Amino acid sequence: MQTALILIALAALILGLAAWRIQGQARLYEVGFGRQLATTLSSKSFQLTLAGFVIFVGLWWVTVSLLKLPWFNRLPGPLEVVGEWLSPTPTFGISIYTKDYYTHIFYSTYRATAAFLLATLLGIPFGLLMGWNKKFYDYSLPLVELIRPIPPLAWVPLAILVLPGSEPAVIFVTFLVAFFVTTLNTLLGVESIDDNYFRAAKCLGASNKDILFDVVVPGALPFIFTGLQISMGASWFSLVAGEMIAAQYGLGFLIWDSYSVIAYPVIFIGMATLGIIGWASSALVRVVGRRLMAWREAELSGGARAEV
Amino acid sequence: MAVMRKASLATRINQKLASKSFWRGVTAVIGFFGLWQVSSMGALPFMSAIPTPVEVAQAFWKLLFEPKYWAGWRDSGQRVFFGFAAAQILGIPLGLGTGWKRNFNHLTFPVFELLRPIPPLAWVPVSILFWPTNELSIAFITFIGAFFTIVVNVLGGVGSIKKELVYSAISFGASPSQVFWRVVLPATIPSIATGMMVGIGITWNVVIAAEMIAGNTGLGRLTWEAYLAGYTPGIIVGMISIGLAGYVSSGLVKWVSELLMPWKRIF
Amino acid sequence: MNANNSAPVCRAADGALSVRDVTKIYDPEGVHVVALEHCSLEIAAGEFVAVVGPSGCGKSTLLNIMAGFDYVTHGEILLDGAPLATPDTRPRPGSDRVVVFQQGALFPWKTVLENVTYGPVVQKQLDQSAAETKAREMLARVGLSNIEKSYPGQLSSGMQRRVEIIRALINDPKVLLLDEPFRAMDTVTKSASHEYLLELYNATGKTIFFITHDLEEAIFLADKVAVMTTRPGHIKLAISVDLPRPRNYRMLASQEFLRLKSQLVEAVHEEAVKAFQAGEREMA
């Protein structure tokens, strides 16, 4: 059973890595997948990457499961974690076959999404307004600078007190981080727009409103999306802390609760799940950004750009 | 325009006082505190749980004479310092290595990318399990917070070094190690500085949360205890102190990075 | 490309600019910089005037004031006799004086066609489809027929600048303000761009105010070359170029061209030395 599991995990790891590499490569000409797989598997860089993973998992296994070194022996080994994660009858009640696992995922995703969307919906207009209207900028920037240095997580106690219940409090602190990141990146985006675009638009007879939609918004978009990616990461960051401190469900809660009830493999399942969801959500923002900024893709890929 | 001479301090202060933006800022800040005071005094129902600025100031004044408060500064400061320093000591070489040595990159970077999306605070339980003391485990989590940031920034910095710089060093006869020490390292310093600036902010964030979750001391813990005791002015004093601490340490990092980059200094 | 078969210049009825005793003082953060002082220049309707001078002499300042991006401190500028810039009027850019910028300011997020039609559509002078028809027609005239769906980032700098000039001309401005548009181009692209510009000038007869520090370019293109002094800038010398139109590249080697060039070289060199010394003084 154990050996089979190891072999399956290894094969999955190798194939997964290879597929990941292949989709990341620029395809110059069409080659069959089998051919590509063969080239990738035999390339030195791929073998090194594979070696990196094997060493990582191997070290984990050797220190924890094989040698049971002091300090390390308190942690679960890789096989325990993977075994528990994939087990239809998990010892500690959490695996891909249990409903609870998805309940926690659902709660975390729901909170992160709500906070992120709220922050985006409020932060982008706020940042645009700051960049577009000097008066608004003068009034709001000192306030932003006054509140921003306080780490969002320091808001948790106050948020629990003021807001009804811990659920809105957790969403609020998550929102707060994302909001500042989005606002400031949007502002930075507007400030990064070359003055000449504004001047050109005015020369061509654009009104202030035209300038907002034809210059400010598209010009700030690259920075806005950079901001949204950071904001997504920051949302997960503070969500986990919020859930550990003050929530009933969610992956952060799961991790902390598993620690309290000595269900150690579940801690690792929770961490890995957070990593996967966090990565996927950033990737999603990136894809949307690319879709919206076709002009930028065209520019970066060069086209017929002959001279400077 | 050719080089502009900077005006004297007095002129600059005068101009600041004459500028509209400055007074708008002052108005906004005064308005903020005024609104806070009025609404906490009972104008807005949900704000009634929040103490007024005056009460907060009084509580702050009282705390200034309590050794426990300063011990909080010291403990949080230490955790931030050690976690942050360890992240730089390990992260900068790792970033340089992955950026400069292709094989090393293939070996380590994918593993690094696998671990990076895990939020730092998700490491709390593992850290407590692993490290023998509470102090070490909190410092480890702060380390995680700053580590990924610095590595990513250094890596990006190495990637953006102009090829011409390296080629010209080689054409002057520099050996690979000279290229690394004399060109790659100095050219990466701006990215290191950026990474440190971002990292120090994350570090404070992490330390506060870690202290709330698993600490016995520190500014985060003081804030949390004020919450548990239902002492609301204490919560806000804690938040302000944490903000100040973050502000001071960012200032320090900025100062150090300017010392390291005399060519970027603005007079 | 085919400058020889162009129609003779049809002089425009309007677009005369008159710069009268203009002084411009910048005063940011207590630094007193006199950019222009007692600067005067007459530009007739339909005239092509090039201004040369050392870097930082105030050429762009003058252009920015004409465009309506900045105030004058003293003096005035008239457009067809009406005040355009005085110390009391609020500067206002408008589609009667369109600027083509040094680094180029085509909106990178709009396609070529969207860029060119932007002016008429946003001013509600033409509806989208009429503007597109006109844009296509004008683009075709400068050999840019198949790129309307491209983004500016996909074009060479020569093509970008042509598109930008068309984006300006489609508004039928009185004056075209060109701020070193062909700087940082290689020689081949530059001379091709010159021919396209001359052809457009011949066809439209717009007044053109052209800033450059390339003397050959100035002589080759303009009816009048004005030399600006180092800061504080004023027009030190204005030389008429009597080379016949349409111009062609052979004129670059003509006696008349060389005579004008040597005259300008003297004047500009003197200013360049002054500017250089002033720069060193300020650094010290």
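Order of writing sets the labels: A, B and C. Residues in every chain begin at 1.
Throughout what follows, contacts are C-beta pairs under 8 Å (C-beta built on N, C-alpha and C of every residue); 3 or more make two chains touch, one makes a residue touch a chain.
Not measured: the values here are computed from a predicted model.
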{"item": "Chain whose Cα centroid lies at the greatest distance from that of chain B", "value": "C"}
{"item": "Contact-richer chain pair [A-B vs A-C]", "value": "A-B"}
{"item": "Inter-chain centre distance, chain A versus chain C - centres from mean C-alpha coordinates, in Å", "value": "49"}
{"item": "Intercentroid distance (Cα basis), chain B paired with chain A, Å", "value": "20"}
{"item": "Chain A contact footprint on chain C (complex, rising order)", "value": "67-69, 93-95, 97-99, 101, 103, 105-111, 118-119, 122-123, 150-158, 167-168, 171, 184-186, 189"}
{"item": "List of chain A residues in touch with chain C within their complex", "value": "194, 196-197, 199-207, 210, 214-215, 218-219, 221, 293-296, 298-300, 302-308"}
{"item": "Sites on chain A touched by chain B in the complex", "value": "17, 44-46, 48-49, 51-53, 55-56, 71-72, 74-75, 134-135, 137-143, 146, 149-158, 160-162, 233, 236-241, 244-245, 251-252, 255-256, 258-259, 264, 267-268, 270-272, 274-276, 278-279, 282"}
{"item": "Chain B residues within the chain A interface of the complex", "value": "20-21, 24-29, 32, 46-47, 49-50, 102-103, 106-111, 114-126, 128-132, 201, 204-205, 208-209, 212-213, 220, 223-224, 226-227, 232, 235-236, 238-240, 242-244, 246-247, 250"}
